[in-house]
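Next come two complexes built around chain A: one with chain B, the other with chain C.
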Partner chain A sequence: MFNIKTYKEAGSVKEAIKLLQENPQARLIAGGTDVLVKLHKGKGQFHHLIDIHNIAELDFINLNDGEDLVIGPGTCFSRVEESPLIRKHIPVLSEAICTIGGPQVRNMATIGGNLCNGVPSADSATPLIALNAVLTIEGADGLRQMPLEDFFLGPSRVALKQHEILTAITVTRDNYTGFHGHFYKYAMRNAMDIATIGCSAVCKVEDSVLKDLRLAFGTAAPVPIRCKDTENKVRGRRLSQNLLDVITESVVDDVNPRTSWRAAKDFRLQIITTLAQRVVKKAILNAGGTIH
Partner chain B sequence: MNRTIRCTVNGKKKELSVDIRQSLLEVLREELGLISVKQGCAAGECGACTVLIDNVPIDACLYLAVWADGRSIRTVEGESKNDKLSRVQQAFVDEGAVQCGICTPGFVMAATAFVEKHQGQKVTRNEIRRGLAGNLCRCTGYDTIITAVKKSLDEDFFCYDENSGGRRFRPA
Partner chain C sequence: MAIGKSVKRIDAVAKVTGRARYTDDFFMPGILLAKYLRSTIAHGRVTKIDTRRAQRLPGVERVFTYKDIPQNKFATAGHPYSLEPEHKDVEDRLLLTRHVRYWGDEIAVVVAENNIVLQEALQLIDVSYEEYEPLVTPEASLTEGAREIHAGSNNIIGESQYAVGENIEKALASADVVLEGRYRTQMCQHCHIENHIAYAYMDDLEHIVVVSSTQIPHIARRIIGEALGLPWGRIRVIKPYIGGGFGAKQDVILEPMVAFLTLKLGGRPVKMDLSREECMIGTRVRHPFDVKMRTGVNKDGTLVALDIDALSNTGAYASHGHSVAGAAGAKSRALYPRAAIKYHARTVYTNIPAAGAMRAYGAPQIMYAVDCIIEEAAQRIGMDPVEFRLKNVARLGDFDPLTGKRFESCGLIECLQRGKALIGWDEKRAARPKKQTGPVRRGLGVACFSYASGTYPVCMEISGARIILNQDGSIHVQVGATEIGQGLDTIVAQMAAETLGVPFDRVHVVSTQDTDVAPFDTGAYASRQAYVASNAVFRAARELKAKILEHAGRVTGILGGELDISNGNIVHGNNPANNVVSLREVALDAYYDKDRGGQLTAEISYKTRTNAPTFGCTFVDLEVDVPLCKVNIKEIFNIHDSGVILHPVMAKGQVHGGVAMGIAAGLYEEMLIDTQTGYIYNNNFLDYKIPTTVDVPDIGCEFVETFEPTSGYGNKALGEPPIVSPPPAIRNAIWDATGVQINELPMTPHTLYKHFKKAGLL
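On to the complex of A and B.
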C-alpha cells in the first residue's frame, strides 16, 4: 500500500486550486508514474495528494483561433505522440515522446507531469523549449503565462507556486510554421531508460541560409537548456560543414554537464558535441537544406 | 480510507470496496485472487504487472485502484474462452516463448493489446519490439516472444487442428 495520508479528488481546475490552498502540504497527482514510484520508495513529499487524474478540461490537443497549437497538460504521452495535429505541426515532439519509458508508462504519464516534475532529463522538455512553448498557469491569484524555458529553476524545482496548476502548453503558429526539427536521445538502452543526453534542434532554412536555429539539451545542465549563444552565432549564415563545426565548438560554452553515476562530465561533453552536429544536420536536412 | 468502485473484471461486473492507498495490482491479487498479475519492480520498469484497462495496457503497480472505477479490466485469467487459449496465448505456447514464466502474463497482455491495435496491418519485428518495450524478460532473449506476436498477427501462420480442437501453426 502506498503511504498516502490524505487523498482528495479534484473534479475541475478551480477545485484543485481550492484544495491546494486548503492544504499547504498537498501535491498534485496526474498520471502517477512519478509520484507513485516516489511514494513506493518512501519519499516523504507526496503523503498528501490531490488527484487531478480525471480532470477532463486538462486532457485535449487543439488549434485555437490563431492556429496556435495548444496541449492540455493532463494529456497522456501516447495521445500526444499519436495526435495527427502534433505529427503534422511539431513532429519533433512525437519523436521525443516515443523514447520515454515503455508503452505502459506512456499510456499513463502526462506531458504536464513530465514538465512540472522539473528533472533535467525530461524528454518532452527539450523539443518544447526549442519550439518556444509557453505555459499557462492558473492559481489563486488568477492566470499567468510564462515561457517554458523560464519555468525550470533547478533540479526538480519549477516556477509553480503551491496553489498553482499548469493548465495549457502552447506553441504559437509562428513558432512551428516553416520550422523543421529533429530529436535524439542518447541512453544506455533503446527503451525504458533515462537520457544520458537528450538533444532537440528546430530550424528554418531558406535559399541555403540557416534563417533560424533553436538548439536545446537535456541533462546537459541542472535544467533543460537552450544554447542561445550558439544560436546567435549561426543565425542567418549560409549552410556549410564549417557552420556545423562552429556549432560543435560553440555549444561547449552553452552547456554545463556534471558527473553522475550515469556518466562522467567529459563523456557527456563528448556526446553533446557529437549530437549538436548530428541533430542540427538532420534538422537542416528535414527542412530541405543541403550541406556541402 | 475505503471507497466503493464499480468496474468490470474479465467481463464480470464487480462492486469493490478499495482502500485509496491500494494499487490496482494489490486489489487484483489480494482481493480478487488474480495472481497472474505479478509484481516485479513496483516502479513501472518491468511490465510484469501489465493489465488492460479499457483495452489499453498499463502497469497495475502504478495505478491507484480507485482509478479503475467505471472501467473494464482484463487480465490473463480472462483471455482463454471455453477452455481454448487466446490466439496470443497459443502462439506463446507454440513458439516456446515461455521459460520461467514470471514475465509471461504481462507479456501476453501487452502483446494482446498490440495485436488488437495492429490487426490486419503489416508490422516489422522492430515495431513489435517497440510495442513490447515496456516488458522485461530475463530468460527467453525475446526472439521467441517477438515471433509469437508476429504469428498472432498473421492469419496465414495458422491452421485449425480438428483433432485437438485448437489452433496450430502450419508446419513450415
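On to the complex of A and C.
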C-alpha cells in the first residue's frame, strides 16, 4: 500500500506540463522503479503523482534527418538495450543498460527516469555523457536544449524546473560515427546492484593514434562526470602501455569520490584507477587498436 | 520402497501453482492490522510518550504502550521447556519496553484498519528519550563501569567451558609447533522470503487462536501462555505453509503480541505483518563471534591441541543467548576427537539487534576459526592441508571425547578423498607456478566440519506421529514436526510408505500443525526433524502395520504372522507376488463390519536419546582479481556424510541452498552498523548483498552414504550443515592464491582491499 494522495494520468507532454502547473506539489512518475521505492520509504514529496508512462510521444528510438540518434526518455530500458539502432551505433549504452536491476526492472524503468532521478550511480548516465548526449526539455516556457553533462547539479538534483519534462535524448551523428566504447559496472554483486563505480570509455583510433577519448565515471563525484583533463592529456597520442599508465595516473585528479558507509574514498580510488586502465584498453581494442 | 528415491515432493504442485496457503493468504472479515512504534535511538529510556494524537486519527482502533502490557518477563527462544532451572532460557523480554536496548526497539503498538493509517498514526506519537551511550561492541559493553543493558547482568548473559583429553596447557607445551590466531565473524540475517507474520482471534471467550509463520508451533503456544500469564491450554497455535525460516522463526516474535491484542480487543482478529526493513533489525540475526585460538601440532602431522576461546555477541536481548556458543562448541567437538580440546565461551549483551538461532547455530562461526588455524598449522609444518586433515579428522571407531559415545557412522575421510578427486587437488597444485604475480591469481581451498543431528543431551528430543488407515486403504500421517520448505512432509510420507509397505502416492501428510490436534513435537531446528521424527514415524508405522495384519488375518482367516504388506496389498510373507487381499478391502472391513474391527491407527510419542554426529567438507577453486579486490569462484564442491540419503534431489537442494548461503556469509552478507549510534544502514535487499544467481557458481554436491543405526532409516542431519564449511574453504583458497590471510568475515571487496593494501599487494 502506497500513500498516494492524488494521481493523474497525462496523455501528452502538453497535458503533463499543464497538470504540473496546476499542482506545484506534483511529481512525475514513469516506470516507477525509483518513485515507488521513495514512496515505500515514506518520502513526503511523492504523494502527488502525474503518470507519464503511457505517453506515446516519449517512447521512441530513431534517426532524424541529420542521422542523429534520438531516444525518447519514456522508452523502457529493455527496448533501448535491444534496439538495433542503439546496438549498431552506440552499443556502449546497451552494455551499460543490461547491468541495471533485473529484467523486470528494465521492463518498467525508463531511460529518462534514470537521468532525471539524478543519482551519481545512474548507469545510463556515463555512456551518454561520454557520447556528448544533448537533452531536449519542454516546459511552460517552451523548448530548450542542454548538454547532459550540465544537467546534473548534485546528488538527486537536476536542471529541471517543476513544470518541465525531458522530451528527447540526442546523440549527434558526429558523436557516434567512428567511435567505439566499453562500459564496466563495478558493484558488490554482478546483478541487481547499485554501482560502486561505473565507468564508460568512448574513443576513436586511427593509425595507432588515440584520436579522441571520452572517459566518464559514475559515483566518482557528487554527479556523473567526464575526465576532461585526462582526455585532453592523451588526445592525439600514440597507443602504448605508457599511455594507459598516464590515464591511470591522471584520472585521480579528475574524480572526487567520497567516503560513505557504502565505500571508502581510498577503496573507490583503487577501483577508479583500475577501471580507467582496463576500460580504456578494452575500448581501444574494440576500436581496432592494439597496445604493445 | 520409497526411501532413497527422489519421489515428487508432496507439496510441489500446491506451491508452484500458488495454491499453497501461507499465513497472509487467510482472510478474516474485519481483520485489524498492528504495527510497532520502534525507537529511533539504540540505548536509553523513554521519559515521555504521548499517543493522544495517534489515538484520535480516524481508522485507528487502539494504541498500546509499555504502560499497558502485562509485566510477565518471558524468554523467546524456541527451546523445549527445561525442568532444570540452570538450563532455563533467560527471561528478559516484555511485550513492549520503556528501556530501549537497540535501534528499533518496540515501545508502543498501534492497531488500525489499514497500513496507511498505521504509518500516519506512528508519526503522530510523540516520544522523548533519555539517551545512554550505545554499547555496540562487546569491548564497549564489557568496559569497567559500562551501563547494564539488563539490570543485574553485568552485560554477560552466559559463560561456559569444557575440556577433553589431556590438559590443554600440557598438550600445547608438548607440541612441536604452537600457533595462535584471532578470527571474527559478522552479524548477518536469515533473509527468509516470507517475513514474520502472525494473526490472532478468539472464537469464544476463552481460547486465543494464533496463526503464525513459525517453525515451532508447540513451543510458541507455551511462550504465548507465559507472556500473557494464561494457562497454555487456552492458546491454540496454527502453522500453515511457511516461506522459510532458517532459525529466525525458531523464536517467538509476533505471536504473544497478536494474542495480547486480540484479547484486549474483544477477540477481533489482529494481524502483524513485518516489513523487510523491520524483519532485518527487529527479529533475529546471527551472533557475531570473536574467536581466539591456539593450536599445537607435531611435525609428523598430528594435531595435539585446540584451545578455543569464543566471545559471542547476543545483542539487545537474550533470545537463544549463550546456547548458541554452547552448542557450537559441542557440535564441533566431533571433528578432531583425538586432540586435547578446551572450549571456553562467553556471551554478552550489546545494543545491536538481538541474535538468535540461525542455520547451523554457532557452528559456522567456530568452524571458521578452527578451519583457519588448521590450515595455518598444516602450512607451518609443510604438510598438504588435505593430508593434514585426513590424518586428524574423526573416523569410525572414534568416541565423542566428552560424552564417551561411540560414533556409529562416520564417512568424513571418504568425503575428503572424494572432494579432493572431484576438484583435481593434486593435479591443479602440481600444474601451477610456485609463485603467482599477475593481477588475477588462482587458489584452492578446503575446509571440513562436524555437526549434530539434534540437541540431545542438552535438551530432550521428542517427536510424535499419528498414522491412520483410511477407509479406502490409503494412509494419513500427522506429525508434530514442521514443514518449513525443507521437505519434511515428503520425507515423512516416504518413511511411512517404506515401513507400511504401501506405495508412496497412497500416503497423505497433514502439513498444517494445529496445537489442538497435532502430536507434540518441538519443531524445526537443529537439523533434528528427519532424525528424531524417523524414530516416531518408524515405530508408529510398525505398530499400524501389525494392527492391519492382525485384522487382515481376521478377514482372510490366515494367521497374521504369515502375512505382510507389499505395494499396498496384503500378501503371503513367503510369496510377496501373491496378493491375498487388498488393503482397501481390509480397511473397509475394519471400518464397516458390524461386529469386528474399528479405525486402525497408531500414535507414538518417542524421545530420541542419541545424537548422531554428521560430517562433511568443502573444496573450492577460485580466482582473485587483486586490483579489483574480487573473488570469482570457479568450482565448489560440498561432500556430506549424512547417513542414508532419504531423497537425493531434495538432499541436493539442501546442499545447494546451504552452500549458496555459505558463499554469501563468506563473501557478501553483513549487517552494517553505525558504531556511534547503533543504527543499521542496510536493512533492505539493495544494500544487504545477498548474492544473486549470477554470483553463485554451479555447486557440486555428493554424498558419502553411511548407515546410522540410531535413526529409523539410517539417516543423519543435513538441513543446516552445508552452510558451515564454504566460508573457511574460500578463505583458505584466497590465502593460497594471494598469500594473504583474511581472518574476518565477510571477505567483501572492502575487506580484501584493506588486507591486500596491508600486505603490499596494492
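Here is the rule we use: the second predicted complex is superposed on the first by the 292 of 292 C-alpha atoms of A that agree within 3 Å, B and C clash if a C-alpha of one lies under 4 Å from a C-alpha of the other, contacts with A are read in each partner's own complex, and residues count from 1 in each chain.
Going forward, a contact is a pair of C-beta atoms (placed from the backbone, for glycine too) under 8 Å apart; a residue touches a chain by one contact, two chains touch by 3 or more.
Everything quoted here is computed from the prediction, not taken from an experiment.
Enquirer: Counting only touches as set out at the top, which of chain B and chain C does A:His53 meet: first, second, both, neither?
Expert: A:His53: touches chain B, not chain C.
Enquirer: State whether A:Ile271 touches chain B only (first), chain C only (second), both chains, or neither.
Expert: After superposing on A, A:Ile271 lies in contact with chain C but is clear of chain B.
Enquirer: State whether A:Lys18 touches chain B only (first), chain C only (second), both chains, or neither.
Expert: In the superposition, A:Lys18 touches no partner, neither chain B nor chain C.
Enquirer: Of the two partner chains, chain B (first) and chain C (second), which one does A:Ile194 touch, if any: first, second, both, or neither?
Expert: second
Enquirer: Which partner chains sit in contact with A:Asn3 here, chain B, chain C, both or neither? Use first/second/both/neither.
Expert: Touch partners of A:Asn3: chain B and chain C.
Enquirer: Can A:Tyr186 be said to touch chain B (first), chain C (second), both, or neither?
Expert: After superposition on chain A, A:Tyr186 lies in contact with chain C alone.
Enquirer: Quick check on the superposed pair: does A:Arg27 touch chain B, chain C, both, or neither? Answer first, second, both or neither.
Expert: neither
Enquirer: Tell me which touches more residues of chain A here: chain C or chain B.
Expert: Between chain B and chain C, the winner on chain A residue contacts is B.
Enquirer: For A:Lys211, decide between first (touching chain B), second (touching chain C), both and neither.
Expert: neither
Enquirer: In the superposed view, which residues of chain A touch chain B and also chain C?
Expert: Residues 1, 3, 190-192 of chain A touch both chain B and chain C.
Enquirer: List the residues on chain B that touch chain A in their complex, please.
Expert: 1, 19-23, 26, 42-45, 47, 50, 56-59, 61-64, 66-67, 110, 130-136
Enquirer: So in the complex, which bits of chain A are touching chain C?
Expert: It is residues 1, 3, 42, 186, 188-194, 196, 261-264, 266-267, 270-271, 274 of chain A that touch chain C.
Enquirer: Can you list the chain C residues touching chain A in their complex?
Expert: For this pair, the touching residues of chain C are 114-116, 119-120, 627-629, 668, 672, 674, 681, 686-687, 689, 691-695, 748-750, 753, 762.
Enquirer: Please name which positions on chain A make contact with chain B in the complex.
Expert: These residues of chain A touch chain B: 1-4, 7, 9, 32-33, 36-37, 40-41, 51, 53-54, 78, 98, 101-105, 107-108, 190-192.
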